[in-house]
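For reference, chains read A, B, C and D in written order, and residue numbers begin at 1 within each chain.
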Amino acid sequence: MTELEKNIEIIKEISGSDPYKCMRCGKCTASCPAYSEMDIKPHQFASYIIRGDLEELIDSKAAWKCLSCFACIERCPRDVQPGKLVDATRQIVARQRGGDYLQPEEVPELLAEDLPQQLLVSAFRRYRR
Amino acid sequence: MKYSYYPGCTLKNKAQDLDKYARASAVALGFELEEIPEWQCCGGVYPLGSDEIATKLSSVRALNYAKEQGQDLITLCSACHHVLKRVNDDMKNVEDIKNRANNYCEFDEPYQGETKVLHFLEVIRDVIGFEELSKKVVNPLEGRKIGAYYGCLTLRPGKILDFDDPENPKIMEDFIRALGGEPVVYSMRNECCGGYTALKDPDFTKQRTEQIFDDSTGFGADCLITACPLCMYNLNKSEAKSKVPVYYFTELLAEALGVMEGA
Amino acid sequence: MQKIGVFVCHCGTNIAATVDVKKVVELVRYEPGVVFADDYMYMCSEAGQEKIIEAIKEYGLTGLVICSCSPRMHEKTFRACAEKAGLNPYMVEVANIREQCSWIHKDKEEATKKAVILARAAIAKVNLNTPLQEGESPVTKRALVIGGGIAGIQTALDIADAGYEVDIVEKEPSIGGRMSQFDKTFPTLDCASCILTPKMVEVNQHPNITLYTYSEVEKVSGYVGNFDVDIRKKARSVDFGKCTGCGECQTKGPLGKIGNIPSEFDRGLKNRPAIYMPFAQAVPAVPVIDRENCTYFKTGKCGVCAKICPSKAVDYEQQDEIVTVKYGAIVVATGFDIINLDKYGEYAYNECPDVITSIELERLMNAAGPTGGHLERMSDHKAPKEIVFIQCVGSRCDDDKGKPYCSKVCCMYTAKHAMLIKDHWPDTNITVFYIDVRTPGKNFDEFYRRAVEQYHVNYIKGQVGKVKPQPDGSIIVQAADLLDGKQINKKCDMVVLAAAIEPNPGVRKIATMLTASIDNNNFLTEAHAKLRPVESPTAGIFLSGMAQGPKDIPETVSQAGAAAVKVVGLLAKDKLKTNPCTAQCDTLLCNGCSTCANVCPYGAITYEDVQVNDHGLRETRRVAQVNVALCQGCGACTSACPSGAMDLQGFSNRQITTEVDAICR
Amino acid sequence: MSMNEEKKEFRPLIVAFCCNWCSYAGADLAGSSRLSYPADVKIIRVPCSGRVNPMFILRAFERGADGVIICGCHPGDCHYSTGNYYARRRMALLFSMLEYMGIENGRTRVEWCSAAEGAKFSKTMNEFCEKVKSLGENVRLGDLRCKN
């Protein structure tokens, strides 16, 4: 097994998803409601991982723009479930780099009067370790 | 019929309407909600990473509690529904998560996904039945054209949540029909409202909700119903020209059953 | 004691790369019974066989062990080779050291070790082999073709033209199958019915062909050359002899021409009455009464069609009839359908009448179709100006909704549809969303390029995410152009789905009746994927058309011809050699308990009173007798026999036990 | 590999009875598709799973096999119509008797595998080997006279 394949194994383990199953049909990207916000599109996650361009993925803002709406997961015809690859990227950043996307100090000024608790909890889960 | 009830954090605060009308309606429909004592927040989103354990434990505790009571577990909030059902599926089918969570929790006997998790709407559909519900309606919502807004968390992933057809659901439409209203079917009903990105990208959620209002009102909806406090927040924040009132489904239920006052 | 020769094949490097063949030769040389052992590059080649023949003669070999590929591949070859040298062909055993050893193991030492063990097992078995004589069985010179689509029609015509009798069983009221629903065919744009109808008529008039339409195969027994088939002729409720096919009953019935039952032939785009012919060119041109939907059969009141019929052909009293016919060979040509799209809610097929499948489009464009060939939206009958085609709907899926295979014909028929639409209605814009455009085939890619270059069909790479019906009656197709990196919301007024193809759902039941193997996708399995593509592993069963796998019309027709040749090759023989590996009863051990007869699937075991001499004790006993002409050698009786009297030649108790011993040594 | 190392890892001896029409063909497909499984598995070809006499299985265990697997056509797909049904019932009885005699259920198995299921064949064999390996050497029905 090459070094790259070993790294991909790790991502496979975290995500529970196999990027090699992707056939580049783009149904995920077609379905993605956050398309306009994502610098790397959902269908590209599999190819970035396979090519070993993990750094670029980790530096992208795409991982933080995913809404976790599961549309890509639901519709993927190859069972790659791109949303899981996106989340794995987020995990890698949060775990290894501590690069949280949301700092507690930011919260007070973002708070709105009627903001539901669910929003804050979700945002902390998604944006932080 | 008694059910364990998991209200979740938001229903205790910003979404009290969702909760109180549900409780009043449950009484009218003849079933009892027993709130789980000392429940902990589900976390709002399901941790997708297959090696995430700690973040799933609060759900496991609630699920195990319901098992000990010998009751099915009801939720209302679409996020809690999503998280509880998925963690339950993990505890049933994913050997590694099951073992590690049980090792940590040290219950009297290991929890293996025995509890049945139900959304309030599923109880109405599968236990009470829409026909029975319509018989109990005292103030039918006649003439109201109501769009069901499902969002994402109640439906997907369809295989695990098993709530309804994730691409072409009909449970809320049937519900509206049972209450005497006219359901409005539109294609954005299962598209994301923008979710938690409202915190850092409020403009983006505004774009999304505008599309939802445009589509639903285009088909003639004069109001929307939802089961999700976050969808409710985002839809309410919308500045869309086509904006119409948004209700929790339980509010219309209480109205139709004539139990608004007591709630 | 046998004199056994062991021959180890290199199979080029297929075996030799992972198995040390020289070592195998060295290690088996001193096994009991072995008098000669050698290896060679290609044992199955002429030179290899020559080597075997020489060795048989030189060493007086009485048994052979060939260590090579699977016996399913070359057992026949080596048996014939033995026979050439005057050795009984059943004195040959094959040790499978390729498929079950060299190809699946990487470690040379381990693979060599296993190869030696497999060889030892085969040697041990040959030591107990006895010469067997093949029997003979007669051949019924008549073939059955199941399915009356283009595959079945062509197979039947080719067999009939060769001079043999052939019957077609078709479950629909008419032959013609899917092809009769099509408008034009790619890549030459011939009109489908113009080339199919003459063949349908020819079938009907051919002296060697008998048609059983509105009929189903109910039961199959027997074996190659001697099948007994029960065919259920469903009650047509119309007398074949009297009906003139005038069509009065359909047009002047209670609902007139309209009817109230969705027409299967027009894919529900049009209704039909309860008494109907599926289409005007139906063969036979005799209507049927769909009893489930007929008012007379439901309520006992009506009877209008019987009154109208000028020739008094309507017969409400008709009953299903079962006929039993003998056949020598059976061809499965059960064809295909498209998958159910209920699981693809994102394409809004069930919600929106203007989202249609390609077969529905065929009907809409067909001059004999529900709109008389005018392409229109089913919702408002307006002509669509902007049409989107979505490819691979349910094909190439690895989830639980779709099919894992490529349906093969969609890329081409979509290009065909696009061009035909542009030909008839040049002011229509057409967009095709594809994953890959696959056009291998003669003049195929040229055809697709013509759609792009001459007809300006817009091909966009990217699967569609969602089809969104709009309040104004239009449809928005949400997709992404992967090559240009753009999300697209394409507004259109009609969407055509290239739904995946699947084998006819009834094929599983038929395969079970025929004991023909079928794969996970319900396609029938070939005897060999490359070398025997039109034969089932079950002798006497042949495959034709989509039942075997997705294919287009020319391929279907060629396969139909190939299947016909195989059938003719079988029917041309007067006698077939039978498998000599049949059961045998040891009369001294048999206690006449009937257990074996109860488990025998072929009724090959009978009981007879025979005189036995049991160690000097002479008496009459009731013992089992095997009819070797009927016995197929499954061995069910041998394991069921409580006294060990039944044994199977070629796979005897002692032979298998000795193999077990050799492996466990 | 030295003798010492060889002793370290337990390699089970597994006998597989495969019917000629489905599972033996499935094994061939596993081979031509290069889907590997341990060399511990040795296949014996029989015409039908219904041909597998319980005697053969007892004999295998007696002679030192660690696991025995019988593969046939899927229910309903038997080339001889019913052989696999008989095998299924017969083996259910035999296996429960073997368990009574101390041969764990994990050492015996009946599996259906069609001619088209090379992947399933390989997967089944890998799983079965793993299982038998985890149970260790079979000593309970060994004929002591046949062992060194």
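We adopt the following convention: a residue touches a chain if its C-beta (ideal position, glycine included) is under 8 Å from a C-beta of that chain, and two chains touch if they have at least 3 such contacts.
This structure is a prediction, so every number in the text was calculated from the model and none was measured.
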**Message:** For the interfaces A-B and C-D, which has the higher count of C-beta pairs in contact?
**Reply:** C-D
**Prompt:** Going by CA means, which chain is nearest the middle of everything shown?
**Reply:** C
**Prompt:** At what distance in angstrom does the C-alpha mean of chain B lie from that of chain A?
**Reply:** 25
**Request:** Provide the C-alpha centroid distance between chain B and chain D, rounded to the nearest whole angstrom.
**Result:** 50
**Complete:** For the pair chain C and chain D, the C-alpha centroid-to-centroid distance in angstrom is 30
**Distance between the centres, which are taken as Cα means, of chain C and chain A, whole angstrom** = 45
**Request:** Please set out, as single numbers or ranges, the residues of chain B touching at least two other chains.
**Result:** 166-167, 191
**Fill in**
Listed in rising order, chain A residues that touch 2 or more other chains are 71
**Request:** Chain pairs that touch, all of them, please.
**Result:** A-B, A-C, B-C, C-D
**Asked** Contact residues on chain C for chain A in the complex?
**Response** 346, 392, 396-399, 401-402, 435, 461-466, 478-480, 482, 485, 487
**Fill in**
As the complex stands, chain B meets chain A at residues 8-10, 13-15, 41, 43-45, 47-51, 55, 77, 79, 152-153, 155-158, 166-167, 191-192, 194-201, 204, 208, 228-230, 232-233, 236-237
**Request:** Under the touch definition given earlier, write down the residues of chain C that touch chain D in their complex.
**Result:** 70-73, 96, 98-101, 103-107, 109-111, 113-114, 117-118, 121, 511-512, 515, 517-520, 525, 537-538, 581, 599, 601, 632-636, 638-640, 648, 651, 653, 656-657, 659-661, 663-665
**Complete:** Contacts from chain B onto chain C in the complex sit at residues 159, 165-168, 185-188, 191, 215, 218-220
**Request:** Quick one: which bits of chain A touch chain C in the complex? Just the residue numbers, please.
**Result:** 21, 23-32, 35-36, 41, 43, 71, 75-79
